[in-house]
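You will see chain A twice below: alongside chain B first, and alongside chain C after that.
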Partner chain A sequence: MSHLNQASASEVCVRSPEKSISWLQNFGMWLANNKLLLVLIACSLLMLAPFLWTVGLSLKSNQELMLGASAVFHFPYTLNNYADIFQNSQVFRWLANSLIVSIGMTFWVLILSSLAGYAFARLEFPFKKIIFVIILMGLAVPEQAVIMARHQIFSALEMHNSYVGLILPGLSAPFGVFLMTQFFKAIPPELDEAATLDNANKFQIFWYVLLPLTLPAQATLGILTFLTSWNDYFWPLISATEQEMYTLTIGIASSQQNFAQSEGLGFLASQAIFSALPIILVYIFFQKHIVTAVAGGGVK
Partner chain B sequence: MNRKHSLIALAIMSCLTAAPAIADTQLHLQRFFGACEAKYGTNKDVSKAEGECGIMTSLINQFEAKNPDIEIKVTTVEWPGYDQLTAQMASRTPPDLVTMHNSVISDYQSRQLILPIDSLLKKADIALDEFTSTALNGVKREGEVFGLPIDTWTMLYHVNTKLMAQAELINADGSPTLPSSPEEMLSMARQFKEKTGKPYLIQILSNETAAYTRLMYTYLLQQDSNFFADASHISLQTKEARNILSHFKAIYDEDLTTKNMDYPASVSAFSNAQGGILLNGNWLLGTYTAESNKATSAIYNAYKAMPYPKLYDNDALYVDGHSWVMPNKKRSDDKLAATAKFFKFMADNDFEWSRTGHLPSMKNVLSNPDFTSLPHRTELMSVTTRGQGLPGGVKRQFAVQDIIGEEIASAITGVKTIDAALKDAEERVNDLLGNL
Partner chain C sequence: MEAPLSTFGEITVTIVKSSRTSWTGLLFVLPFLIVFIAMIVIPLIWGIYLSLHKVDLFGPGRFIGLENYVRLFSNKIFLQTVINTFYFVLLTVPALTLIGMGLALALNKESPVQNIVRGIFFSSTVLSVTVVTLIWRIIFIPNDGLMSNIFTAMDWQPIAFLSDPNWSLISVAIATIWWCIGLPMMLFVAALQQIPSDLYEAAAIDGARKWQRFYYITLPSITRTIILVIIIEIVMQFQLFGQALLMTQGGPNNSSRSIVMFIYDAGFRRWDVGTAAAASQILFLLILVAAMAQFFVSRKKGASQ
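What follows is the complex of A and B.
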C-alpha cells in the first residue's frame, strides 16, 4: 500500500512541473492577448490611488495622522471625522445651496442652449453667422478676465449672496449653444418639413419633434453643466460671502483649521469625500452619458 | 376665529415682538481659524477649549451669552480670507469686524477700507500702553490704531532635547545649547549630524515660501539691514542678504537639514524625532507639548521651544500678529457701542487666547501667573519686546513673501546663483510695489 502511495506521489511530482509550465504558458498567452486590458487596469489604479488615499485618511484620527500619513495602513480606523461633519449645522445648508445652484444652472442652461441651438441650426435671421461666431468667441475668454467687471455689475444690481447671483453667470454657456446647434443640424430637415405639412408652427416643431431627438445631447450638456457648477469655487468665493449662502466647496474650505491643515488632515479628507459623494453618484448613474458627453463633445 | 387660531396668532406676535427685545444689535464678525462646531459649537466655558478654533469659538459664545442685547453673526472664511473680504468691500457689504494679519493692515488702511479704532478703544476703556510694544506697533499706521491686536506670533526653534543631549548640545540646566553666530550654528549642526546621524534642522522646503522668508527677515533685522528704507522699495543686493543665503545654502548643501518636506511632513517629522530643531511657528506649542507628555511619543519629555537665537549683532526677531479690524462702513451708535464691548471682552480675555501658543498682546497677561506657568512661555516672553514686523507702510507683504521665498529656494537648491536670486527677488518685489 505504501509502495502504491509512493508511486502515485512520484507521478504527481513528475506531472506538476508540466502542469505549472502549462499554467504559465496559458497565463503568458493571456497576458499577450490582454495587453491593453492590463495597461487600462494599471492606469485605473493610478487614477484611483489618490481617491483611495483620501478615503483612508478620512478614516483615521487627526492625532495619528499628525505623526505620519503611514497610519493609513493600519488599525484602528474611525468614523469620527464623518460624525464631526454632521455635527456642523451648516453643512446641510451648504449641500442644499450647491444642489439648488447646480440644478438651477443645469435647468436654465439646457433651456437656453436648446433654444439658441435650434435657432442657429434651423432659423434664418440677420447676422446669424456673425452672432454665432461672437458666441463661440466666448469659449476663448477665461472667467478670470471678466471676473472684476462681472463682480461690479452684480454689486450694482445687489445680486451677491443670492441664488440668482450664483446661477446667472453660468447661463452664458457658449459650449452649450455650440453643442446643441451641432445636434440640431444633424437632425434631417425632412422632419421639420413633415411637421410643417401637419400645420405645426416653429415652436411646435422645436418642442414636439426636434427636442425629443436631442435628449442624448441634453444629457451630455446637463451632466457637464452640473459637474462644472458643483465644483465651481472661484465665483462662489467672491459672490457668496455670507456663510448661509456658501456652496459646499466654499463651506468646506472655510472649515479648515490652520493654513497648512497639518492638525486636521483626517477631518479635511472626510470633508473632501463627503462633498464628492453627490458627484460620484452622478458618475455612477450617468456613466454612459458622461462617456458620450466627453467623446461626443469632441467630435461634434 | 377659533381658539387654536388665536393661540397661533398670539405665538407669532410674541415672537415678532420678543426678537428685537432679546437682541437688538447685530455684530457681523468674520474670521479665519477654522470651524469646530462639532466640538465647541455650544461651549461657553473658554477654559475647557483648546486650539485656535476652539478658543475663538468659545470666546465668541461666551461674549454672546454675557451680552444678550448683542447678537453675534459669525462668518468663517478659508485662511486667510482676504479675497473674500476684498470682494465684500467692493460690493459694499463688508462685515462689522474681521480678523486680519498685522502685516496686511497697510493694504486696507492705505485705501481707507478700514477705520482707526482709537476712539473706540477709549470708549472701551483700553489704554494704548496696556498693549505690548510689538503688538501696538503691528496695528499702528500713521499715528492711528487700525485694529485690536489679539496676539503676536513668530517662528520658533522647536527643539528635541533628547537628540540635542545625544549630540552633546545641552546646557547644565537642561536647556539646549543654541548657536550665537552662523559659524557656530554650522559647527553645531555638523556635530549634531555626526553624533546622531540625523539632520540638525527640520525645515519646510516644499510647497511653501513663507518659512525661508521669515527666517531671512529675522537675520536681516539682526544685521540691522535697512532693507525697506522706504516702504515701496526693497534692497536685497546687499552684503547682509548674501551672508544669510550663503549660510542657508551651506546648511542645505551639507545635508544638515531635512529636504523635500512640505508643511505637514515637517510637522510629523519632528514628532517622530527625525531631526533636532524644527523651524515653525508658535502655534505648534500646544500640539508638541501634549505630544511630549505621552509616554509612547518619540519626543516624550524631550521638547523645548525657544525663540530664534541671536546670530548677529542685533537682538531682533521677525514677528507678525492677528487683530480684529473694523471695515469702513456706516454704523449706528448701538453698533459702535457693541463693538467697543467686544474689544473690551477680547482684551480682557487675552490670556485665554494666549493658550493657543500665540503670545499675548496685553502687557498684564505677561505677568499673569496663569500665563507664566504655561509650558515654555517664560522662555518666549522676550518675543513681545524683541519682535519687529516690516515697516508699517509696506504693502502686499504676503506677495512679497512669496517672491522672496521662491528666489531664496532657487539660490539654495542651486537653480540660480545667490547674486542672481537676490537681484531677481529685488527686481520682482520692486516691480510689484512700484505698480500698486
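What follows is the complex of A and C.
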C-alpha cells in the first residue's frame, strides 16, 4: 500500500496541490495513470496461472484432491508428493544423466566451434570457402531428415544407450561455428600480428591471445547448448531405450504414461515442478544471459 | 583490453601476410568437420538412399525407386498428418507473432516492472517439453482441471480439450503458444530498441497520433523482424512432436498427429524404415519451401515499396 501512495502522491503534486483528496480519489487517479501497468500485472498472472496451479496441486495430498481440485486454495499443504518422487531411485540417475550429457555436450561444442571458428576467421587453407558453404547449408537440415540413417549408424556401432551416443549428434550443429567465426573476425588482427612477432605459433595465438577474448561468445553458445541439450526430447527418446540411460526429460515423460489413473494428481504436479526446478533456478540466476543468448541464437 | 590494444597499435611493423596456403587451418576445422560429415552429411545422403529402398529393421533393402513416396501420397494417415501440421502452424505462428509483438510494444521500456514482466513471459521458454505438457495436461484434465473449473464457474458448456477431435490440436497449440512466446517477444523488443527515438520526437512535434506513429514509424522499422519471426516460427512449429505425443498421443482419431510423429511411428515403432525416410525427406522439403517462400514474399514487398 505504501508504494501505491507514494506513486499517487507524486501524481498529485503534478496535477493538483490540494491536500483534501481522499484515498479513493487518489487510488482512482493512480489507476487511470497506470492502466498499462495493471494490464501487465493481469497478463503476467495469466501467464503464470498454469504454473502456479501446478505448484498448488503439488502441495496437496492425493486423497484431498480426489474430492475436488478447489482444495488447492486452503490448508493443509504437504510435501509428501515430493518425498514420493525420491522413492523412485531412478530419478537421481536421470538427473545425473542429464547433467553429464548437457555438460559434456556444452564442453565439446565450445571446443569444436572455437577451433573451427578461429580457422575460418583467421587462417587460409585449401577448400576453405567450399567447406564453409557446405557447413552453412547444414543449418537448413532439420534433425528429422537425418534421424533414420543416424539411428542405423549408431546401431551398427552399438552406441545407443551410451553417453557418447547421446552427446555426439549435438556436436554437429553448425550454429556454433558461425557464431565463433563472426566473433573471431571482430577481434582486431593487430593482436595476432603482435603475437606472431613474439614467435607464437597458430595454436598459441588461438589459445593464449584470442580465446580469452571470446568469453562473451563462449557464454552465449554455452548457455544455448546447455539449454538445448537439457530439454532435448527427440534424440534421447530414440537412442536411450534403457531406463538407466534416460535423461530427466525422457524419464519423467515415460513415468507418467498412465496419466491420472494410477498416480494421483498431486503426485503428477510434483513431478512437473520437480523436473522444472533445476532449470528454473538456473534461469533465475542467469536470466539476463539466457535471454540474450536465446534471442541472439534465434537470429541465425 | 583497451590498454594492450593501443600499445600494439604503436608498434608499426608491416607484416607481409604469407600468401601461400597452409594446411594448418584445416587441422583446426577437422574435428568439427569429421563430426559434421558423420552426423549430418552421411546420414542425409543415406536417408535419401533409404527412402528409395524397401527396408525393414536392419535388412539391406531392395531398390524400389519412388514407390515409398507414391505410397505415402495415397496413405490417408500421412495426408492427415500433413494437414494437421499445416493447421497447427496456422494456429500457432500468427498468434505467436501478434502476441509477441503486442507484448514487446507494451514492455518496450526499461523499468523494473517491465523487466520483471518480460522475465515472466520468457520463463516458460526454458522449460522442457515434458514439463510443459505435464502442466497443460493437468490444466486440461476433464472435471478437475483448471480449465474445467473455470468453465464451471462461468457456467459455460464444458469442452473435452484433449479428447475432442475438434479441440485436441487447438489444445496442443495453446500449450505451445504458452511455451514459445518468449522468443518472438524478445526478438521484437530488440527490434523496437533499434528504432531511433528522434523519429518519434519528430512525429510528436508534427502532431502525429499514437496509431499514426505506430503505422508510419514502428511498423516499417520492424518489418524485417516480423518476417524473421514468422520464418523462425514456421520452421519450429513444423517440427511439432513432443507436445502432441505427450498430450494426446496423436489422437483422438489421428486428429493431432503431426508429420514428425508419423516419421517416429513408422521408423521406430513399426520399423518401416523406408517409409519413414521418405516422409522425413518430404518434411525437409516442406520446411525448405516454407522458408524460401517467406524470403521470396519479403523480397517482393521490399521491391515494391
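By definition in this document, the second predicted complex is superposed on the first by the 230 of 300 C-alpha atoms of A that agree within 3 Å, B and C clash if a C-alpha of one lies under 4 Å from a C-alpha of the other, contacts with A are read in each partner's own complex, and residues count from 1 in each chain.
To be clear about the criterion, a residue touches a chain if its C-beta (ideal position, glycine included) is under 8 Å from a C-beta of that chain, and two chains touch if they have at least 3 such contacts.
The model shown is predicted, which means the values in this text are computed figures rather than measured ones.
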{"item": "First, second, both or neither for A:160, with chain B first and chain C second", "value": "first"}
{"item": "Touched partner set for A:36, first chain B, second chain C, both or neither", "value": "second"}
{"item": "Chain B versus chain C as contact partner of A:136, first or second or both or neither", "value": "neither"}
{"item": "Which of chain B and chain C A:103 touches, first, second, both or neither", "value": "neither"}
{"item": "Contacts of A:188 with chain B and chain C, given as first, second, both or neither", "value": "second"}
{"item": "Residue contacts on chain A - larger count, chain B or chain C", "value": "C"}
{"item": "Partner chain in contact with A:265 - chain B first, chain C second, else both or neither", "value": "both"}
{"item": "Partner chain in contact with A:87 - chain B first, chain C second, else both or neither", "value": "first"}
{"item": "Which of chain B and chain C A:151 touches, first, second, both or neither", "value": "both"}
{"item": "Touched partner set for A:230, first chain B, second chain C, both or neither", "value": "second"}
{"item": "Chain A residues contacted in one complex by chain B, in the other by chain C", "value": "65, 68-69, 151-152, 155, 238, 250, 253, 256, 259-260, 265"}
{"item": "Chain C contact footprint on chain A (complex, rising order)", "value": "36-37, 39-41, 43-44, 47-51, 53-54, 57, 65, 68-70, 111-113, 115-116, 118-120, 123-128, 131, 134-135, 138, 140-153, 155-156, 168-169, 171-172, 174, 177, 188, 190-191, 193-194, 196-197, 202, 206, 213, 227, 230-231, 233-234, 238, 248-250, 252-253, 256, 259-260, 265, 268-269, 271-272, 275-276, 279-280, 282-283, 287, 290-291, 294-295, 298-299"}
{"item": "Interface residues, chain C side, partner chain A - complex", "value": "1, 5, 8-9, 11, 13, 15, 19, 21-29, 31-33, 35-36, 38-44, 46-47, 49-50, 58, 103, 106-107, 113-114, 116-131, 133-139, 141, 144-146, 149, 178, 182-183, 186-187, 190, 228, 232, 235, 239, 241-242, 246, 260, 263-264, 267-268, 273, 276-277, 280-281, 283-284, 287-288, 291"}
{"item": "In the complex, chain A residues that touch chain B", "value": "65-69, 83-85, 87-90, 151-152, 154-155, 160-161, 237-239, 241-243, 250, 253-265"}
{"item": "Residues of chain B defined as touching chain A within the complex", "value": "33-39, 41, 51-53, 74-80, 83-84, 87-88, 90-93, 208, 262-264, 267-268, 271-272, 283, 287, 291"}
